[in-house]
């Protein structure tokens, strides 16, 4: 349909406004990440959107490489928290995808686990904060407190609904003829699932995995309550970035924020095609 | 007031020209089929008539009124989409009275006109049914009724039968033609199926590569194709076209078809016209239905590749590649083995300029 | 992109499935079932138990001995008259009532601009959906910086109106709530945009054109064709945001810790504070169970609707 | 698997360190008669100790336990992130770190578990309530002692104290106010539960460049009719802060905190000075006294003073406060005593106020011809031994050693963390006076003498939360000062009832002797 020039002008104006609003916080964080200490707190006329003296000091500082005399040096560099985030989110994703994919297949093909859809919706509805007391008790009892594998376990459970719903829609849509043919050939059902179905579902499986990873990577609350020191994740670690020398370590926080933003943004772009389906529990597809 | 005139109509999409200089007049109450293969510009033409696309150049007139710039909602055209675009989330009634409701007619009028239309289309028992899940011919009727209820001066139909089972198409064609008679409006019907065009249209406009090739009644385009494209496109199978040279024989002017032999001599009028064309290279054309087997004399001799016997007719595939010729016989004739000798009926012979493809008309 | 118009083939019923398939089905669903039981049974039982007591980690005894502090339904009674809790509930509802519709309409508006093709569409699209990829906690720190009275947001406003603006966003109870909402809207409008765009693109173009040819104007087309066709999508999009908004914590807590005072305290923040500061865990358990019951009812009703 | 790896890494590093320190010469570097202590820098002998000292006894007892196999390989110590440096960074040049010294002398490793600032109590409660056993030593705000003792999460240290004699009340280098000070900081209901490791007496500082500027002085005199000098009363503070409050020039009058969880220390100072010698929070029978004229006036002034604060004051915590002051953004502030240590520090390139900080007593209220000026002890990390510790005695011995006169002074001089001086030994120590600055140290000592304790009764958290919540309501205008005080009274009464009036009354009685009686001449 052809659009009038008035409409086109309006469209570009509206989109540019939206882009500006979208980008302001991101640009600010990026700029802050490259600002030297003296520019962190500049206000009023001194406030700058582009660092006057751009520096990598904030990043170096995070990894214990800085030579600035922020006398209160970091007791812990950001390396371990980044590792903690990667491990807990990664293995949490593995748990969610493993259990979720298997269950989705069981329900989609054999009608097993009819209680799962409701149970998983309830799981998603419920605010994690409200079960954290018993979870802390259990995790302590099982010696899972402050471990990346303990976090991975709870992440696996919390994101199980997404893994399940996503994979269920994928399985529901997948034509069954090939599976049936393989069955006729004499394959066992388990073999069909492992050797035929899963390889065919590689692309959807990858999208769902990345999506679940983003969710796990984003967590703050659970890690806040289930980790204390050894395996704090990036967002929890970030709150310790303050010093008496300079106050809030805005630059370091922004630098770490940028680092934390990298995986989801890249993964998000990679799975753009399936993002909508993921976000809507598989109700919408592309 | 419902005649349509297209003057020098051009449509370009970027550097691609979808429609080149189209001039066409569609008479009031006429059923015109826009026929052509996909990408020929027929849908673009119709979209411009409906107002969905703006022409790059040229004018579109409804009667005397220039419609360029008039938004599509105000052109008073009815449009039947390829998939009917029925509002499946509404009932049949809501589909039928949609336009009336949207244009703010009084409720009483809305009901009366919708019900009258339903009665006309035998849809009355279905009025309160959800439109989703109805059969295609019902959907077609709803689609037409939904537009017809607005009393458009012009009806545009975009390949309405292309999604329909072949078996059902005949029924739908009949129904559509009947409806057109009933409403008596100008109809433009886009199709790539020459059978639909031939059976329903008053006139056919054949298009290819954005160029209008020929306009005429079904018989005109069938019998007197303006060029090789039309000749090949119309008819099923299309006209046999063989490259050749004019050759003087003792029985008059004929066409030398190379390995296939020399054709029977051309009828006088055609021979005269061929002389006048001034170029010995011609394309020799004849309809597959209009050939007969000959035992002796000038004939085209071709090996029989395949005989499709489909009951009432037998289609013979003769020769290979460039020289392929098809012949259609009624019934189940007994055929000799090996090479067949056939001759086209002289009256059905057509010659085309080998370079331009334009018909060389005799008489 | 389209709503799955035809519902997926109904899951096969037990009767129609051969025995070996049933067995495999059970094995395949087992891990998920175990995980759900694992996270459901103990927490519910424990919360049920301690919710009937005055137990607190400060009470000097491990929780299995909470019965020594039995108080019957006193926690549930307290909950009814807990003004701070109810104002947190009200505030959560307020955030939801403001943010979800704003996100919806902004998202819808943007989505409408993106239905057909234009130059730069892909790039703009990629940028516009970036906020939802930012880790919420990071967004919290970002907005904390942005909303300082000498910070960039006031700077922008100042530039726009030509004189310095000093708005103490995070120190004013009303503005703090506004700031928190702005952050939420910033982060989650893209989600609405993404989903609604998928929905809009899924509305058959022919139907919109047909409606136009039948004389419907833009608003009528939207109301009578696009909207009904997108109903499912819209419900899903709204439901997702309502659910997530109900749980709002990360960004908000980092920006304001629920402050100033209790001005931005939502249900999750309130529970967090009561859990970590007041340490009255029997009471927290009571709140948690009430939430669980209410949400379960909601979930069952929602599932029933979905099934229809 | 990974934890095994981590262990290996720790052992590895321990072995790596060992050759550097366990060399035959180190013992010889000690002064004659000394059995331990730091070496390798000028004045190290001040921090060395003989056998019959709290430090010596602690180290020897730990060695003995180690030798008999009753000591662990390592002690897990929970400590605020920002303070860890004081234990782990060598200071001054040539010295070992505190941690290295202890490990060298006892063979018992210290593994520090960092606790995010402000979340110390939360983290500790997490460890206690989940019985995670993640730490042998907790370091938590001093006034949580009562709550933690009641929870059973920390150990009664009486037996250890009796056996190892920490001598906290030593009149020369012990706690300020002797046994009374010890009772205030380390005891709950007559028993020792903690070992103080901090001195967070809220201390006022000002900008000498601004106060000394001739033009400013003249302008001020013209406007107010008296000389510009560090304020002695709240009224003067308001005048001066208002005078310097120029937000458009990036300068605010005063940046003492107003946020949740910290701001009320500044309310305390106002409230407690409302009567001579003290305006108490509770009667002896546990009746709250805040819903009174004194409460209203203190609250009104607390709220009104927002006028010379940053517009963001209500959301500013100490990181913002320190950051702002470092940028030269405030004329005065009230902070931990370590502010000059960090900001008047040539090594801090980010600070623009190096050499420009002065130190002053808290403003007060005039009563007759005397001025009652009160500061408040708030936060102040205190080491406690976890009930879950397998080796509580070793944990205690480490605390006794850390909190002792010599080691603590040496540690607090270290600019690598937040642990602040509180013992008499610290105030006189040259190294402490060097990092905290002489001008500041004397003032800190005087401030300590004017410091009231915050609530440390059972339910301290709940009492403070109620006060905090109402003060925030007053600051944001949601409540008037009168309403805020009345509501505080109501909630406090409920807490008293719930906790038991007798228990609270007893705690109030043991808290009261710690209140100062100094009244300054006007």
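As written, the chains take the letters A, B, C and D, and residue 1 is the first residue of each chain.
Following the convention adopted for this analysis, a residue touches a chain if its C-beta (ideal position, glycine included) is under 8 Å from a C-beta of that chain, and two chains touch if they have at least 3 such contacts.
Quantities reported herein were computed from a predicted structural model and do not represent experimental measurements.
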Q: Name, by label, each chain that touches both members of the pair subunit A and subunit D.
A: C
Q.
Applying the document's contact definition, name the chain pair with more C-beta pairs in contact, B-C or A-C.
A. A-C
**Q.** Whole-Å gap between the CA centroids of subunit A and subunit B
**A.** 58
Q) Centre to centre, by mean C-alpha position, how many angstrom separate subunit B and subunit D? A) 94
**Q.** Whole-Å gap between the CA centroids of subunit A and subunit C
**A.** 16
**Q.** Residue numbers of subunit B (touch at least two other chains)
**A.** 52
Q: Indicate the residues of subunit C shared as contacts by at least two other chains.
A: 148-150, 164, 209, 281
(Q) Show the residues in subunit D shared as contacts by 2 or more other chains, in ascending order. (A) 126, 129, 131, 248, 250
Q) Which residues of subunit C touch subunit A in their complex? A) 1-4, 8-9, 11-14, 17, 20-22, 24-29, 31-33, 35-36, 38-40, 42-43, 46-47, 50, 63, 106, 109-110, 113, 116, 118, 124, 126-143, 145-146, 148-153, 155-156, 164, 186, 190-191, 194-195, 198-199, 209, 232-233, 236-237, 240, 243, 246-247, 249-250, 253-254, 267-268, 271-272, 275, 281, 284-285, 287-288, 291-292, 295-296, 298-300, 302-303
Q) Which residues, counting only subunit A, touch subunit D once they are in their complex? A) 37-38, 40-41, 43-44, 46, 68-73, 75-76, 136-137, 139-141, 145-148, 225, 228-230, 236, 239-240, 242-248
Q: Over in the complex, which subunit A residues touch subunit C? Could you list them?
A: 1, 3, 8, 11, 14-15, 18-19, 21-26, 28-29, 32, 43-44, 47, 49, 95, 98-100, 102-103, 105-114, 116-135, 137-138, 154, 156-157, 160, 164, 169, 172-173, 188-190, 193, 214, 217-218, 220-221, 234-235, 238-239, 250, 253-254, 256-257, 260-261, 264-265, 267-269, 272, 275-276, 279-281, 283-286
Q: Please name which positions on subunit C make contact with subunit B in the complex.
A: 204, 206-207, 209-217, 220, 224-225, 228-229
Q | Sites on subunit B touched by subunit C in the complex | A | 50, 52, 72-75, 77-79, 81-83, 85, 87, 89, 98-99, 102-103, 146-147, 150
